[in-house]
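These are the structures in question, set out in turn.
What follows is a pair of complexes built around subunit A, which joins subunit B in one and subunit C in the other.
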Partner chain A sequence: MPPESATPDSSAVSSSAPAAPLDPAFIEVDHFNFWYGTKHAIQDITMEIPERQITAFIGPSGCGKTTLLRNLNRLNDLIENIRHEGDIRIDGQSLYDPSSEVISLRKRVGMVFQKYNPFPKTIYENVVFSLRVAGRNHKAELDEVAERSLRGAALWDEVKDKLHESAYGLSGGQQQRLCIARAIANRPQILLMDEPCAALDPVATLKIEALMTQLKEEFTIVIVTHNMQQAGRVSDRTAYFYMGRLIEYGPTMQLLSNPREKATQDYVSGRYG
Partner chain B sequence: MTSVIGFGGVCIVVAVFGIFAFILSEVFPLFGKARLHETARVGFPGTSGGIIGLDEWSQLPFHYDGQRTLRFQPVNPAVNRAQQVTLTLPDAATVTSHRFDAEHDRLILGLSDGQVAVFQLKYTSSSAAKGTPVVTGTSFRERLLPLTPGLPVETADYKDAGDRKLVAAIQGKGGDAKLLVTALRQTRSLMGAGQVKMGERIDLTAKLEGQHPERLLIPGSADSLIVGTDRGEVFYLFSKGIGWEVRQHFKPFEGEGRQLGGIDLLLGDVSLVAWNAEGAVRIFSLFVPEGQTTRVFGQTKAFPPLAGGVLHYLPSQRNKSFALANDQVLRVCHATTEGVRASVKLAFRPVDLASDEKNEHLALLDPAGFLHLFEVDDPHPEAGFRAFFSRIWYEGSSKPKYEWQSTSGTDDFEPKLSLTPLIIGSLKGTLYALFFAVPIALLAAIFVAQFMHPEVKKVVKPIMEIMASLPSVVLGFLAALWLAPLIESRVPSVLAISLLIPLLSALLGFAWSRLPIRYRNLLPKGSEYLVLLPVVILTGWVGWQLGPVLERALFVTTTPEGGRIADFRLWWPQVTGTPYDQRNCLVVGFMMGFAVIPIIFTISEDSLSNVPPSIISASEALGASRWQVVRTVVLPVASAGIFSALMIGFGRAVGETMIVVMATGNTAIMDANGHLLLGEPGLGHGRFPLADHWNIFNGMRTLSANIAVELPEAAVHSTHYRTLFLGAMVLFLMTFSLNTAAELLRQRLREKFRVG
Partner chain C sequence: MKRTASQRKHTPGEIQVWLCAAGLACGLLMIAGLLLLIFGNGVVVFWPKPISEFTVRSADGSESKISGELVKTQLRRTAEGGTKAEIQLFTGNKDAYGLGFRFIDKEAILSESRPEGLMLAERMEYGDALFHPVQLKRKDGATLPASAPEFQGTLQQRLDEGNRLRSRLLHLEKGRIGKINARIKAMELRIKELLAGGKSGTGPEVSALRDRIAREQKGFDTLVAESRQMRARLEEDELTVRLSTGEERTLKTGSIVYCYEPNRLSLIGKLGVFLHHVIEFATSEPREANTEGGIFPAIFGTFVMTILLALLVTPFGVIAAIYLREYASQGLLVRIVRICVNNLAGVPSIVFGVFGLGFFVYGMGAFIDGGTRIPLPPMWWFPVAIAFLVCLTGSILLAVQSPPAGAESENRRGFGTRLKPIVATLTVFLGVLTLFQCPYFHGFFSSSLPTPTFGTGGILWASLTLALMTLPVVIVATEEALAAVPRGVREAALACGASKWQTIQRVVLPSALPGVMTGVILAMARGAGEVAPLMITGVVKLAPSLPLDFEAPFIHAERKFMHLGFHIYDLGFQSPDSEAAKPMVFATTLLLILLVVVLNLAAISLRAHLRRKYQASAF
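Up next, the complex of A and B:
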């Protein structure tokens, strides 16, 4: 990680910054279009995602919600033959600014994946991974971050005695919470969650949901979910996507109980398909 | 389906073990001892004393009574007839000494009138009856050579080396003993061999520093004399022009106050065997000691003493074995390996000891006139753990060494069967090949798997896989005929290139990372090599051109005339003391590297590509750069696969044959003594001992190349043949043990970095 890559805008999260909490950011999606090869996966989406709230993306499979989520930290860059138009801005700074490094962007945006995916390392090393790659190796700092992050992910009490054992010894729900701890360790402003409970049982799901409610005090959270009840339980705002378009976007209560659009109505009431 | 697969698997295991068992069965006899057992007894009634000899087939032994009677007695009276020959000698003379030269079937008799009579024994064989050849023996007088008239000959020897013949004798007893020598010259013209002229009789007694001669030997070259004296010293006299000089005199059993029991030569006449009264046996070989210019005798071997002393000594006519006998035991030893091959207890005091030409039988004469015929079953006398893996002081060598030289043009040569230089050669070739291949293959695999643009990867990967199928004979051919001559004159260029390219690549990488992101973004991700490529090509070209400049500046040697020559090929031997060959390890390592790179590349690329994308995404999402992703996540997870790639590459390099055979030229390099030095480590004249073993600029021979080259010419079930199988077994064990260790380690790595 070349430390010199930090731009003035991202200096707040560069390696030299103290671990003080940061103001969560808001995200602007501005006439954004995205293609996989010839497939127009996201079609002219414009939306604002507010800070310190949980925004849920819902919609049928293939509607573009996960694609949009993965664009928020440019994780789609890994895929070949992609193209985009329009812009996405975080705190007013464009993701596609040619003078900004994708790595400094990703430090501001943590991500939790659908299938829990800890590294083949110890629990401790999983949590402090983002600090290590940022070149921060002071043991005291790492210890403090590990404890804080694991507490933040409501996992500390369960793992504090086996920090140096393999992460694969944990249950699925614990592994997913470990991934959350890992994602928040380097104090990102935004937390993206791609169906974080899809692979978990109901008990683990409730734990993660409770955790999300806590975490939104500090982070702007965007969650992709198939589960309308989940969206209803945790999110403040919900966006309904269909065929790459944003059909409806508004406060969750309103969207789920009294949608404006017929298509949304059909989907949330289960008449879709 | 499962049963078919299971059956196939079992078949493979059985086949591997079958091969191993076969190799083992070929190798096993090498480590066996010799066996001696009595097969026949032939009576020479009415004799006591005298000497005996055997024909080539051990069918018609003879007995010489010490005067004028030569008797042939058949082992199988049904096939052969007894014969008697009377030797024609001057009437007035009696025989005062006799010697049987078994190698040349010559009976050399010293007479009381001062003459030496030389008789030639001739055996003829006709068609075999029931597998036993019909043999007849006879003898005729070859020469009658007068020395000092009237003085009885106590000991005489005669050798015929073609143009040059030499007769020597000790005449007179005790304090009056005189050493006399006469050279015989035979002129040869187109009309054939001419008259033999006897040269001047030379009295060499004065050369012995007042000591009295007792024993006398003439080596087969007929140009020197070995004389044992009454004070236990050995004089080595060498003919120089028409005169003689004492080249060396020494006490074989110095300072121990022990009398010399006897001296004799070993087959080949390069080694002198000396024994004392206590039965201690030592071997002295002719070699040029370091810092000297002439060959002299030096002790090379010592054998465990034969309790009861040595009564009879007999060199084998086939190999470097010799037999010792006293009144208790008959012992067969092998000189090269310094080992006792076999011993049998004797119930009588032997009168004489003889062997046949093939070294298949030994004969002992007992005092009652019976000849005991022993069969010698020793197919591999020169083999043994010591011969294969230890340092051995070979004949003609100035010090003990590891050496491989299995065959030669002459019969009396000493096979040198050390596998050590071949093992070192194998390891050396492998090491240099991996030195070259591993960094390139691994870095390429990492780049292709994790960085390269997928479209380009689709092209690169299959091309590398095709490279793996290049026949190694083609690579070897290229190495030998194109690369070796190219590199030979441009070593400084190669050095410059191999330094400059990594250095400049690293510099470029650093500069690239310093470049503002807006310029870096101009190139699509995974295509950064487009910037590197011209730099590498340019650096290669610059390095190539820079070589001669470097050579002129750095690698300058001075000639004896005071001139200065800028030539790496001269500079290297002068500075390091190790040789420089055209076809050297650099070439082999380079070409073998080419054979190994695709294998390591393909397998490690596969395992790198198979790292689950989920954890790559996860680490990217946590702000890791692509290189950090590779280092912290991809490499550990793929480590087991990379490790097996390295092991398979190692296996390929160790077993690789054709490239090594061709690219080392497999040349036999001669040293000053005319010995073949095949990848011989520790030549001894190197300034740095290690540089000798691992010198990158000399040739080598590997175990596999050795088998490929020599097996077609090795006689089936000969020692040479079985030793080649031993080489195969060493190779097998090397790869087997390494692969087993590697597999265990790989399993642990896989367990440690298993995902999920």
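Up next, the complex of A and C:
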């Protein structure tokens, strides 16, 4: 079977109306502020991200979109001298609640990075990594998860004969899809994507975008992108950030073609700066 | 005349490039010169050189003959202020001439010839002999003149027989007699223990042991008689020879190891002698205060010590580096620790040797042998032991304690996290105190005291000392390698739900392994070539046995050993005949360098393998 996802029809994707979300406020950002040392990187952002849709964060560099994304799985905790105020809730449960634990949070929130970063391991071990660290080592289960995740990432047909070879033998686009397979292996509820196509060529980008529209059937996807066309092609809702503030947030079609704010209008039409 | 920038003859920076190149060239030339010197002198040692016979007029006008191998020609200052050319001659026959070397004025030489019949014999004692063979005399009195056609074959056959006999003798004396000796010694120790334990000297256990000793003694005597007989057989056949000076001497064929006629050898014959020398050098034991024979025990000792050193230094260095780089909060304390580690690399190695002698040999070694000498009185020891147990419990509790829930656990360091290094240090300190001051432990080898077992230099202590010395190299290299692991890979692992330790263990360490290997390679190279600390922690001029052999428990970590680096020092500066030892010094140096190269190549190929396996993606 030829992988259909390899030749996506992008116009069909972008023009489809957003499906009604299951829970319109699956992720709630509630008056959230965030500081790197003294730098106020996120300023009083309040927004609701719906379940099983693709929400795109756009905005110029340094506007806080990646910072907010990395707070959704608390990856910013690694940095020294940080501080936050306000709250973020996923499915009603606060990330900063004393009873919630960061490791179990990260099991619920998968992440794909700007620069593809497979581990120095075989393709198979890359995919099942999150199960291994959770102590799940049954071969049958791992095999099943590996195949399911690689199929989910539209990579199975390309790598099924070399599962036990190094992941570094793959092309850039394949490595990024491998990272997606790795992120969805543990069946998270949310998939965070930080400019997932920034390091890829146009063909690989199209493959990843087609994959995202498939994945939203199952996952709530939040994507950071610099590319307005990409936001238009794949996302259901788009948020425009500027200088740490949320300027405008709404359905993608509306935000890109008919923004309410002057600043958004300037940015999406390329007059920014 | 004015010149604009475009008219300049040189591009700016051109001269600096030349200076850099010149600096590199100087360094390379010096290294190449050193290697060439060692390689040239080291290889030439094994090549058979022609032997000349000189007719020399002595001061009183009489003429005499002397034969030998030309070593060098040099100019000597005379008392009148002029210079005179003289040659240095290796004459051998130390037993006849008293010296193995002689200087002869070039003016005094009347003629030089290279008689084909001149023979060179390598002997068990007194070094080489140079002579014209006269006749072979068997023990029954039958003689065979050197002119007889079958003389060469018969002589060779005699020599082979002697060599076979000697190797059997070695096996008998070192192996079988040695084993009986060890058994008798063990039983004597047991008797001593029994007597010390209050058993009567006439009790059944003691007398049974005494009977067994008597039986072993009988076997011992038989073997000694056998060895004496074999020694006598080595003395049976005699070779009558005539030296160039005209003197006639007899040599026992049993004392000759190898002989050949240097002036009659073809190129292939010379190659054969060369190979024989190389093989003997690498595989046999030294003779005659190490100036003759091979250096196999030194090669083996160096090899075992280096491997042991690598095995000891790697875990310590890697664990320390992981804590320093990954866990410790990067504050003033860690900076100070890092500076200390780096400075440790600059401490003279002899200081490490003295520390090893004091701490490992006299401290730990003596403790293993006979327990502590001045134990804490129980009324002090018990509180210390209890404090240790409390600290241990505390550390275990701190270790299993889950990170403070809710708080930014990996970033905000709670009170418990700050406490960890302090509690760990206290626990280790109290643990060492509890163990080393225990009044109820009397050592594992107390029965053989006052002869020390571990309480004297040995290969384990030498390796530990070198491991300590090379620890900074491994720590620094590992830290660099850990720092070089891309951030993205760590974040990906954490985003997959891995804990910090799982991230380090499963992703960061494999990526850093090639860098860690680089550190271990450097540590091995430095350790293998080190001499000063070894001289006081376990290296000896001549070790009776190897640190690894087929005798249980196979690894004898307490044994003293031989080392190539020390061998060089010993040959060059401690040997009674330094002229005779000079070629051996070069050959040993060459071998030490080869050994280090081989060990490094092995480690480098391992690293290349790891790199292929774990290579970070090129981007």
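Heads up, the rule we're going with is that the second predicted complex is superposed on the first by the 248 of 273 C-alpha atoms of A that agree within 3 Å, B and C clash if a C-alpha of one lies under 4 Å from a C-alpha of the other, contacts with A are read in each partner's own complex, and residues count from 1 in each chain.
Just so we're on the same page, a contact is a pair of C-beta atoms (placed from the backbone, for glycine too) under 8 Å apart; a residue touches a chain by one contact, two chains touch by 3 or more.
Keep in mind that this is a model prediction, so the values were computed, not measured.
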Combined model on subunit A: subunit C and subunit B, fit or clash: clash
Subunit B versus subunit C as contact partner of A:Lys115, first or second or both or neither: both
First (subunit B), second (subunit C), both or neither touched by A:Ile82: second
Contacts of A:Arg182 with subunit B and subunit C, given as first, second, both or neither: both
Which superposed partner A:Glu101 touches (first subunit B, second subunit C, both, neither): both
Which superposed partner A:Tyr168 touches (first subunit B, second subunit C, both, neither): both
Segment of subunit B that clashes with subunit C, given the candidates 221-229, 257-265 or 599-607: 599-607
Overlapping contact positions on subunit A, where the subunit C interface meets the subunit B interface: 73, 75, 77-78, 80, 98-101, 103-104, 106-107, 109-111, 113, 115, 117-120, 129-130, 132-134, 168, 179, 182-183, 186
Subunit A - residues contacting subunit B, complex: 1-2, 4-5, 73, 75, 77-78, 80, 98-101, 103-104, 106-107, 109-111, 113, 115, 117-120, 129-130, 132-134, 168, 179, 182-183, 186
Of subunit C, residues touching subunit A in the complex: 403, 405-411, 486, 488-489, 491-499, 502, 506-507, 510-511, 613-617, 619
Footprint of subunit C on subunit A - complex, ascending: 73-75, 77-80, 82, 96-104, 106-107, 109-111, 113, 115-121, 129-130, 132-134, 166, 168, 175, 179, 182-183, 186, 199
For the subunit B and subunit A complex, residues of the former touching the latter: 453-455, 513-514, 516-518, 521, 525, 612-625, 628, 632-633, 636-637, 752-756
